[in-house]
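This is the structure, below, for whatever I ask next.
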Amino acid sequence: MNLLITGFEPFDSETVNSGYEAIKLLPDKILDYNIIKLELPVIFEDSIDILIKAIENFNPSIVLCIGQAGGQANIIPERVAINIDDARIPDNKGMQPVDVPIFKDGENAYFSKLPIKKIVENLKSENIPADISNSAGTYVCNHIMYGLLYFINKNKEYNSIIGGFIHVPYLETQVVNKPNTPSMTTEEICRALKISIETIIKEPVKNIDTKKKSYFFDFSV
Amino acid sequence: MNLLITGFEPFDSETVNSGYEAIKLLPDKILDYNIIKLELPVIFEDSIDILIKAIENFNPSIVLCIGQAGGQANIIPERVAINIDDARIPDNKGMQPVDVPIFKDGENAYFSKLPIKKIVENLKSENIPADISNSAGTYVCNHIMYGLLYFINKNKEYNSIIGGFIHVPYLETQVVNKPNTPSMTTEEICRALKISIETIIKEPVKNIDTKKKSYFFDFSV
Amino acid sequence: MNLLITGFEPFDSETVNSGYEAIKLLPDKILDYNIIKLELPVIFEDSIDILIKAIENFNPSIVLCIGQAGGQANIIPERVAINIDDARIPDNKGMQPVDVPIFKDGENAYFSKLPIKKIVENLKSENIPADISNSAGTYVCNHIMYGLLYFINKNKEYNSIIGGFIHVPYLETQVVNKPNTPSMTTEEICRALKISIETIIKEPVKNIDTKKKSYFFDFSV
Amino acid sequence: MNLLITGFEPFDSETVNSGYEAIKLLPDKILDYNIIKLELPVIFEDSIDILIKAIENFNPSIVLCIGQAGGQANIIPERVAINIDDARIPDNKGMQPVDVPIFKDGENAYFSKLPIKKIVENLKSENIPADISNSAGTYVCNHIMYGLLYFINKNKEYNSIIGGFIHVPYLETQVVNKPNTPSMTTEEICRALKISIETIIKEPVKNIDTKKKSYFFDFSV
């Protein structure tokens, strides 16, 4: 079985992207899953198309998108993606959409299909600082998370994909010239990704309402 | 015409709530609007019902909910409310819902109907620090914002209400015993609310898709 | 009797200096003290000379230097000045001393002669966030505080001067385009300065070892 | 030749101290120096005596004291220690001195004898975030740094000791239940200490005025 993991190319005058640097260190196989690595451009227009082509090509049962959250100290599974692009800085193609919906026929938001609480719990039990975030922003990170979940929810044949997004801190190389900014080593982020992936693979999938509800909602009540 | 503005009672061991303290200083009339002030309990179960009863009673054309965002330095109009309660601390009734949807038939999220960008612009031009937030959290603040927008969107007779949520910093009284924490004077928060209200009243309402789209989406493209 | 209060001109691409803006709002008399206001250049080379000339001219019994601590939320009386200039950015004359002692025959450090704990206590009791700082940095703020205390300690005829330094936050105008940065209104900083001045005037001076010990040391033990 | 490195026991309800955990991983020899490891109590009254006994016993040519700076993201060589104890929380023996000089016949402050700028430079070139600090606080960390430098400066036979203090961040284990707090792995802090030690050993000692001037002062001017 295949697990597709994506990182982004560097952006905002950085020369590396912490997420993709850590992805490069992942093994090619975790448990019984082939780990397929994809570097996405930090470009609103192209990123979703490239992601979807990779999904159609590799038919993964899990899609995990990784992004860099400069200034954060924790590994941060994102809870929700919202239907809006609102960029403070231009993307790598020079585009800067302001208050534009990502898909006009999309829901206002989609919840992650990852077991985000269990990921946080397992990371902490392995001494990696982690927390849930309730906003992936309105830049290309939220854009790709929304695009992924829109695609999964809109297409019956891809409904069973477990998809979501995790933000990771800067690498040490990225903060040595910034004032008092948290960072993690590439090895430690890689360890966090491995634990996250193992959690996603092992966690039994239950209560998923693929249309619009979160993985964690309990509808039996 | 009526404008209903709500604040919360104190919570989390505070003895005041910065939002409601500032609301108390507002005049009873701004431009041609009667300012109706309501203090809501920090209780998941009751807060939405009380808000809706006030809406039904006063029939306001604008509903502005205010909350306290401890630790933030800015006046923060919220962009979006999400359909989930996930409390880190118990509410004032001792309830602590975890990963529970607010309304099972609600959208995953609703966008604010306030002119949030214009409010930020006007506050800054009056030298009040302000910024958009993309998450109102998952506590009672998000709960009431979601409840308000769910109500507006679900009920045809209330579809034209301009509703949304603004977070404000701690008062100085609340931070004197906290380490290096931003605050604002009650008078300054009150001035910010007045500017926000005047902005909402004056800004022409356009392009509202009351079902699920943001105030700012441009559907003419 | 005279109280000399100094602020700095703007620096580091700011167009105002929060400290001096607040000083300008102070009355000309507080209790029985004439308040003499002086704007100092942010220039290592000139600032101490200008300060000393003003002291010689006005013969104040209290000298209070004020500086801007961008990013801090509190009013911060400084505890100590150290004998070193180490500038991260050039001063307003383009000079950037690195690891240079201020006075070769000076002590390594001088403690403030202000009642810093009492100032913090009185500010807090008036709901103004305040705290002691143990470092005035190594830029022109520390430079002027060190120069003042060196002068007081080295010159018998000025030994009785109560001198020290207080850092104040940015004004709101300075943070509206900075991300989530604490600020205070000019009026509130001015109120804080007034309370600080009243505290210095009223507090009985005791236990001062004018050579090198802090105001607060109890040598009776 | 001997290098004495000290860390502290845990304090303030922590169960480990990041500094000493990293020290434990250091090899017993770095270049031609024997690394002698000492765990100090977080007790104002006892800590300096224990340190001095170890110095008298092992006759080290380098003494490096390490402390934990919770909340900081960087490795932080301290520039200066000041002659005052002013504790916000009781030490591990329940003592909480307030505004008490450490040694009545001591200088107001002593500058570190470590090549602090070179340490920061070398750490950064090895991709470890680092910065100079101008205050070691007024708790047991500053107390031990001051005690060490007082001892070196006051005793002719120990004048040649290269001594100073470095603060290090929390370990990951210490922040998993704190909100968004920077940390470093024990291995990474250990790597930082090794680089710091190699820098101290290799850096030619020059321009030291053992009485009261910093390592970095250039007196040839």
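By written order: A, B, C and D. Residues from 1 in each chain.
In this section, a contact is a pair of C-beta atoms (placed from the backbone, for glycine too) under 8 Å apart; a residue touches a chain by one contact, two chains touch by 3 or more.
As the structure is a prediction and not an experimental result, all values here were calculated from the model.
Over half of the residue numbers at the subunit C-subunit D interface are used by both copies of the sequence.
Using CA-based centroids throughout, the chain positioned farthest away from subunit D is B. Subunit D has its Cα centroid 40 Å from the Cα centroid of subunit A. For the pair subunit C and subunit D, the distance between C-alpha centroids works out to 29 Å. Centre-to-centre separation between subunit B and subunit D, using Cα means, comes to 48 Å. Along subunit B, no residue makes contact with two or more other chains.
If you sketch which chains touch which, the chains form one closed loop in which each chain touches exactly two neighbours. The touching residues of subunit C, when paired with subunit D in their complex, are 79-80, 82, 84, 86, 99-101, 104, 107-111, 117, 132-135, 137-138, 212-214, 216-219. Every residue of subunit A that touches subunit D in the complex is listed here, in rising order: 72-74, 124, 127-131, 171-173, 175-183, 185, 188.
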